[in-house]
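Below: one structure, written as structure tokens.
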Amino acid sequence: MSSLPDSWIFTASCPSRLGTVDVVTRFMAESKNYINEIHSFDDRVSERFFIRIEFQPQGEAFSCDTFKASFDEQFAPRAAEFSMEWNLTEPGHRERVAILVSKFDHCLNDLLFRHRTGQLNIEVPVIISNHPDLKHLAEWHGIPYYHLPITPDTKPQQEAQILELLEQYNIDLVVLARYMQVLSPEMCEALDGWAINIHHSLLPGFKGARPYHQAWEKGVKMVGATAHYVNNDLDEGPIITQGIQSVDHAHYPEDLVSKGQDIERITLFNAVRYHVEKRVFLSGKRTVVFSN
Amino acid sequence: MSSLPDSWIFTASCPSRLGTVDVVTRFMAESKNYINEIHSFDDRVSERFFIRIEFQPQGEAFSCDTFKASFDEQFAPRAAEFSMEWNLTEPGHRERVAILVSKFDHCLNDLLFRHRTGQLNIEVPVIISNHPDLKHLAEWHGIPYYHLPITPDTKPQQEAQILELLEQYNIDLVVLARYMQVLSPEMCEALDGWAINIHHSLLPGFKGARPYHQAWEKGVKMVGATAHYVNNDLDEGPIITQGIQSVDHAHYPEDLVSKGQDIERITLFNAVRYHVEKRVFLSGKRTVVFSN
Amino acid sequence: MSSLPDSWIFTASCPSRLGTVDVVTRFMAESKNYINEIHSFDDRVSERFFIRIEFQPQGEAFSCDTFKASFDEQFAPRAAEFSMEWNLTEPGHRERVAILVSKFDHCLNDLLFRHRTGQLNIEVPVIISNHPDLKHLAEWHGIPYYHLPITPDTKPQQEAQILELLEQYNIDLVVLARYMQVLSPEMCEALDGWAINIHHSLLPGFKGARPYHQAWEKGVKMVGATAHYVNNDLDEGPIITQGIQSVDHAHYPEDLVSKGQDIERITLFNAVRYHVEKRVFLSGKRTVVFSN
Amino acid sequence: MSSLPDSWIFTASCPSRLGTVDVVTRFMAESKNYINEIHSFDDRVSERFFIRIEFQPQGEAFSCDTFKASFDEQFAPRAAEFSMEWNLTEPGHRERVAILVSKFDHCLNDLLFRHRTGQLNIEVPVIISNHPDLKHLAEWHGIPYYHLPITPDTKPQQEAQILELLEQYNIDLVVLARYMQVLSPEMCEALDGWAINIHHSLLPGFKGARPYHQAWEKGVKMVGATAHYVNNDLDEGPIITQGIQSVDHAHYPEDLVSKGQDIERITLFNAVRYHVEKRVFLSGKRTVVFSN
């Protein structure tokens, strides 16, 4: 669904308890916010409540600062009673996304195309790679490209450089767009919760290297891709979304590599979109996704 | 999502206006109803608001009658100010569904199977057909089967008999499970809004008779099925859901007829399930479906 | 594609070598067989050749016995030079299929429905179960039902009884339609190559017990089903076909169990159909499937 | 399936008649061509035979010219007896494809990306548009871009210019990649059989202008795209392939326009790939597609 240009997004989660919805919707009513869409879900296994609201302030003399102040003053204390973690996103807000790549360019090309044409509402202030190959693509889009080569010996330094760049460019979200390096545990920890990776298999199947070759060996008739948050457990981060496609006996491993590119890039795009539209919530090792 | 056994379902719709959500959620809070899930949508074209809530009453000395009374006394007047049409469904409520068939049994077999195994939470007190062929299937499930033959001359009488049976059996929903008769305008009017038909094409493509043969003539590479509400405009009733499958040059019309059966029965099942779970709202000639 | 009623099916496989196609098509031409469809594939990894032909004999005074004799006399010696394994299926041939079940009836109900309505061109002379629950379903279809209970102690005897029944009923193909028993290595060996199992996950993901629960734990966004040949390596037999469906955070394990039923039964049906239409070839641990 | 670098492709079609396969496979055998894959189909409605073979010449002293000469001398006369139309494609042959666009760039960007990365084995010697907007994209790929504006008055001249360019650049295939102009009957005739168009609906549904808006009005739950050959009957040319995606009530027309882009570009890519891999045959107003 396309949001209206003046739509705000409110999200929150907290332990399940009577009154969670009311604490949110009552404030919305009192502040005269017009609600376009609500999605709430109460997970009866994790006993946790999740809510996402798109709304438009209706007050006549609306001021952004006054509005946010009222959230802090009137809403926040009541939310605190419910141990509610909440977030408010202004209309037109664009997350600052750093894209990490190696040599494959299908995901990068796709993200930049959608970025350029407005399908993906983000800023891309920096692209980082361990190879020089995709510099021209970055340049055509006018985006700074950092080539940070990596060897087993220089891994700690290279990762430190990446983290510095993320800080320097004030990055909100890191996207590993077929960045073909196993991150160190320290790097995983540093990126926990704000980095999305695309893995070219239906995780948890075919973890690790060369998943298409593994899939071919097993003679599967479906291959897929998984977009997940990076955490400290390799290829085990919370799954955001997955995509699949049918294959048959005539697809050799190199065909799977080629055919899988469409699924990879669409799956990664969806995950990034869900994330920046505030549709994804962490719930233990799983995610709640209010997709559309 | 599986509802909890003690879940109530509340649905409502009304013209879009500031405060619609609040009128609902405030009552839910005041009545101490625990909300498991909310879905609301505000259609900015039709300017209409839709909401569906699953909840569980939490009051200690809960009584069903008291509860419904509080809806009528406390909630209804406020809802009326918003011209809200609302509906409350008790836990374990099962709609009484009449199934109309001709000779094809794939949809009937499927609905009865899902009914019998609990996948579809309905009662099926009666099956009506213009042919005797499927009587044995009805009998095996212990369901009364009425064979009401039809000729061009007897159509008005036959349709009147059907309407009488629907009244006699106190039917909530009529399902046309490949009932191969064109209903009269009077019959369409009588069933408007409480009858679901399955058409074996992706409407509005291939309206009318022998849609698979039409599809073959056009050389399409996808065929589908459409479940829609019956209204007074043949094959133009509001669409609830659609299903598709790929076909190729090697599928002759008779293959499409055979291959389409799976899509037809799954599409019809989904539509019936969405309807009885109160997930479908009419919005002009379109539907709002809070699917899951 | 629907075969013509007088279509024969010829299949063959052998090591890759120049002339494999010619040895088949030259005989077809010399015997005046009208070819409706050829599918051949040469696997450059296993270096093996596979071919499937649908054809109709055109000889004026056609006799089935003479025809088969000409295969044996004229074709067989030349095929032997290529170490070709070949098979000839007469028009209207129906494989004799034994179905093994436990308590779940969605796959059984589906196979019997398609059998009864002619979508699946097989005979079902016997149904065998370790539980009495599905006897009524078998009886309604007029098929003998053997209830062979099993305990850890009686497993060898029970499996022996099954094998005796398969022999007694002259069975061509065994279908494990959610038969919830781990077969002994001896039983697996006995069924190697002529038994199809349906596993309710996208193998090799979630092998073993309770795959939907495993899938839920991992938070996957797709679940699936796999139809494969039984061999002596549990849940590792050659995959024939797979099906999938999307799920989300709101699907609890019991929802996956319920939602997965459609994928399971359609996937199993497709596998059985491919097998009896001679579309499946074993190629090491993988399969070649000339699907349609 | 990936073809081997030294694979030739042979295709043919002719009226159905005993011996069609033999005339092809016998020549292949006599010329010592190693067959990797055969696909044949005999359409019993149109009574026409279609065959596609991938093969590798095995002769020791293989010469391309000698080989083609043997086709002309030995094969052609026999093929002529069957009124066979046949085609031989050399390894590494790349069709010369002209792309026509207007302002939308998602299809163009996608085709150029796949061209650049080798997924689509074509040459793109020229891009033609009635708008200047996409010149930069063409330039980045180093492809000449002709901006040929069009008005109702200048349409004949503009179309003549296009045809001249197609001749000048020696074009094999024209791809209308969201070229938003209705071609004149003369232009359609000139392009008959060697131009592929992408229409943003599941034809024959929603022909003509603004199909997504039409789809929204009808409240459909699936939208799609159709790649078809251009012929003299607007939006009625033979369909090559179609793609679909689910939508719901929350998708406004502008969302369908945006969401449909992925289906459009993948569907167009598939059609172009099938065409240049010689997988598509015309069969009256329908196509036979040996896809993979």
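The chains carry the letters A, B, C and D, assigned in the order they are written, with residues numbered from 1 in each.
As a working rule, contacts are C-beta pairs under 8 Å (C-beta built on N, C-alpha and C of every residue); 3 or more make two chains touch, one makes a residue touch a chain.
Per UniProt, the chains are A, B, C, D = Formyltetrahydrofolate deformylase.
All of these numbers come straight from a predicted model, not from anything done at the bench.
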{"item": "Interface composition of copies chain C and chain D: same or different, split at half", "value": "same"}
{"item": "Chain whose average C-alpha position is farthest from chain B's own", "value": "D"}
{"item": "Whole-Å gap between the CA centroids of chain A and chain D", "value": "37"}
{"item": "Numbers and ranges of chain A residues touching at least 2 other chains", "value": "37, 41, 44, 248, 250, 252"}
{"item": "Residues of chain B that touch chain C when the two form their complex", "value": "1-2, 37, 105-106, 109, 113, 117, 119, 140, 248, 250-252, 254-255, 258, 261-262, 266, 292"}
{"item": "In the complex, chain B residues that touch chain A", "value": "4, 18-22, 25-26, 28-29, 32, 34-42, 44, 51, 58"}
{"item": "Chain B-facing residues of chain D, complex", "value": "41, 43-45, 202-205, 217-222, 224, 238-242, 244, 248-250, 252, 283, 285-289, 291"}
